[in-house]
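Look for subunit A in each of the two complexes below; its partner is subunit B in the first and subunit C in the second.
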Partner chain A sequence: MDDVVIVGGGVGGTVTANLLAEELAPEIAASKVRIRLITDRPEHIYKPAFLYAAFGRTAPRAYRRPQRELLHPAVELVVDPVNRIDAGQRQVIGESGKSYDYSYLVVAAGARVVPQRTPGLAEAGEQFYTEEGAQRLYKKLQDFTGGTVVVSVIGVPHMCPVAPLEMAFMLDAFFRERGRRDQVELVYTYPINRVHSNPAIAAWAAPELAARGIRTETFFNVERIDPQRKVIETIEGTTLAFDLLIGIPEHEAPPFLEASGLTDAGWVPTDRHTLQVKGHDRIYALGDVTDLPVSKAGSVAHYQANVVAQNLAARLRGRPALARYNGKTFCFIETGADKATYVEFDYENPPQPVPASRWIHWAKLAYNQTYWMTARGVV
Partner chain B sequence: MADYVVHREIDARGSACPGPLMELIRALKAAEKGQVVAVLSTDQGSKVDIPEWVEKAGHKLLATEEDGEATRFVVEKAR
Partner chain C sequence: MSQQRDRRDGPTGGVDVQIFAQTPEQEGQQTSGQGTGGAAGAPAGAARASAGAADDAHPAVPEVVTQALTENAASIGRALQVLASMERSGSLQELSEILSLLRLLKSALTDDMVIGMARRVEGLAAVATDPALTDLVTRLPSALRAAEADAARAATARPSVISLVRQLRDPKVYRGLAFLLSLVKHLAPEEPKARSSTSV
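Presenting the complex of A and B:
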């Protein structure tokens, strides 16, 4: 019997498992193939909701679902945080001490934030990349009466590359709606000499930020934060005072991957088209864990899951694996005041943002609900 | 012959913008004042981004060398 083990219960792992189970139903029924998804928690969390949670515009019941409910009945769910992967023995070892043999492995373990890498950030900064962070920021925003709010991109790459821009736009709208915008200075900072790593998105966003009176600082690389004085110090030698700091922390792949020798400079080296882990024919990686120059975004994991599932199904049937990932990415961009735009791009074609509209904002809100169908592999 | 010793060389070839610049920034953050870091980049944007950032951050661009399809930027941590 062939064993497919998928590590990770986010969008990438869940969609891969469901597509495979659907495609390989005859083989699974005949006990020729087994599909197991190993995750560290029994609930599935839709992380893009955190941006809305920071403004009190969603609640946990809307972005959490039992993982079991989302999986095809033929997928075995294992809740056991991974301790390490032994690629030589083709085994995943859980913190429970149990080991799981695999014929093929899919690593879809996501990324995590590491604010402690930046001195002072954990003490003095807020963030919205975790559920706890978003809920804490929500309280801070309710209590905030006036002063300087800094949205600072500290770690690159980070999850959802447009989210810091969305946060800046939504903060502007939040304070305007409450009649407090004139008491708030909004500042957005970015490490390179434009406001986003993608030149087309940067060219679109810069005038949007300016039009809202959001000041930008570029070539701004945070070295440390002084929590007492509430000052950011950069490696460029500049300082910036704040009353509320929303800092996008550095990110990393889960530590068990480094301990398993599957990372290089923090991420899993992955072939940009086949999504195989370099040097490991039987291991695939997708989503936020890879070192690919694509967005760490749910849409990327979703598109990649299609490729991995097709290729795994082909290989398990002794056929050539022909599907290739082309860098396809899709991101909605909330622009505040109940409007949004979107970008779609791939390795060859840069994004071209369209004018923001209410329709696109509603499409995004609708997608936040439709997501549960995506996770099931339906849309 | 160059009158400097490269303390660390980063091969950022194939890495898309802003990868090479961010790699250089990370390396200089970890380096001591006076140490020299080199970064190899195939990204065309680096030719503008890297010299501009080095100047803004107050470091010294010691050399910009063509190396096949890549460009090698040699930077001294000056402060």
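Presenting the complex of A and C:
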């Protein structure tokens, strides 16, 4: 029997497992193939909802589902945080002490924030990349009466590259709706010489920020934060005082990957087309853990899951693996005041944001509700 | 801390280029695109001269347009009236935004996703049009109405074992029960262990 082990219960791992289970139904029924998904928690969380949770526009029950409910019945769910991967022995070892043999392994373990890497950030900064962080920020925003709010991109790459821009736009709308915009100075900072790493998105976003009176600071590399004085100090030698800091922390792949020798400079080295981990023919990686020059976004993991599932199914049937990932990425961008736009791009074609509209905002809200169909592999 | 050093080392912040794919050629295209924008700001006379040269090169284009305008003047006039009315009311803007949703769908979907959805729609349609199911669904409303009427009549009568046994003698009840029992049997999963397994 061939064992396919998928590590990670996010969108990438879940979609891969479901697509494989559907495609390989005859082989699974004949006990020729087994599919196991190993995750560290029994619940599946839709992380993009945290942006909305920070503004009180969604509730936990809307972005949580039992992982079991999202998986094809033929997929075996294992809740056991991974301790390490032994690529030589083709085994995944869980914290429970159990080991799981694999014929093929899919690493879809996601990324996590590490605010402690920036001195003072954990003490003085807020963020919306975790459920706890979004809930804390929600309370801070409710109590905030006036002063300087800084949205600072500290760590790159980070999950959902347009989310800091969305946060800035939504903060502007939030304070305007409450008649407090004139009591709030909004500042957006970015480490390089433009407001976003992608030139096309930066070119679109800069005038959008300016039109809302959001001040921008570029070449702004945060070195440390002084929690007592509430001041950001940068590598460039500048300082910026704040009353509320929303800092996008540095990110990293789960530590067990580095301990397993599967990372290079913090991320899993991955072939940009086949999605195989470099040097490991039987291991695939997708989603946030890879070192690919694409967004760490759910859509990317989804598109990549299609490629990995097709190639794995082909190889398990002794056929050539022909599917290739082309860098496809799709992101909605909330622009505040109940409007949104979106970008789509790939390795060859840069994004071209369209004018924001309420219809696209509604499409995003609808997608948030129907995401669960995506996870099930229906869409 | 090593990542902080990376940011210092990189000429543009180092790791930023990891976020999005962009080839040097694309950067070059964008830069040249800005140059083109600058050219657009050239004196109007120069732009007209350029347009005139294009007209000379393709004299048939304006003629075709002129001919179309002449032949369809009334229709085009009415269409423009509608367009102007839609523009004034804001409907044109709404229409444009709605149409952009089609582009959004095209952008978000892939061949695999379209094939997958079509396969599911076909699967659901196959189930929905299965004669066994349509026959059952067709009989359900009258069965429900009859059952409600029977239940209303029997509401005052206390059920007893004897009355239940008596009903079992009714050939229709017998056939219905046989049908339901058989249905339960065939609905059972073939491999109970396949559904298993949240292990820890």
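The rule is simple: the second predicted complex is superposed on the first by the 379 of 379 C-alpha atoms of A that agree within 3 Å, B and C clash if a C-alpha of one lies under 4 Å from a C-alpha of the other, contacts with A are read in each partner's own complex, and residues count from 1 in each chain.
We adopt the following convention: a residue touches a chain if its C-beta (ideal position, glycine included) is under 8 Å from a C-beta of that chain, and two chains touch if they have at least 3 such contacts.
These figures come from a predicted structure and were not determined experimentally.
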| request: In the overlay, answer first, second, both or neither for which of subunit B and subunit C A:231 touches. | output: neither
| request: Classify the contacts of A:337 with the two partner chains as first (subunit B alone), second (subunit C alone), both, or neither. | output: neither
| query | When the two structures are overlaid on chain A, which partner does A:223 contact: first (subunit B), second (subunit C), both, or neither? | reply | both
| Where does A:62 make contact in the superposed view: on subunit B (first), on subunit C (second), on both, or on neither? | neither
| query | Between subunit B (first) and subunit C (second), which, if any, makes contact with A:206: first, second, both or neither? | reply | neither
| task | Once the structures are superposed on A, label A:358 by its partner contacts, choosing first (subunit B), second (subunit C), both or neither. | result | second
| query | Given the touch rule stated above, what does A:122 touch, subunit B (first), subunit C (second), both, or neither? | reply | neither
| message | After the superposition on A, what does A:314 contact: first (subunit B), second (subunit C), both or neither? | response | neither
| Of subunit B and subunit C, the chain that contacts the larger number of subunit A residues | C
| query | Where on subunit A do the contacts with subunit B and the contacts with subunit C coincide? | reply | 156, 191-193, 197, 199, 219, 221, 223, 235, 293
| remark: subunit A partner, complex, touching residues on subunit C are 1, 3-4, 7-8, 12-13, 15-23, 26-27, 30, 97-98, 100-101, 103-104, 107-108, 110, 112-113, 116-117, 120, 191, 194-200
| In the complex formed with subunit B, which residues of subunit A make contact? | 156, 191-193, 197, 199, 219, 221, 223, 235-237, 293
| said: Quick check: in the complex, which residue numbers of subunit B touch subunit A? | reply: 15-19, 21-22, 25, 28-29, 45, 49, 52-53, 56-58, 79
| message | Under the stated contact criterion, what part of subunit A meets subunit C in this complex? | response | 29, 42, 68, 73-74, 76-80, 96, 117, 155-158, 161, 191-193, 197-201, 203, 219, 221, 223, 235, 250, 266, 291, 293-296, 299, 303, 306, 310, 327-330, 342, 344-348, 350-351, 354-355, 357-360, 363, 377-379
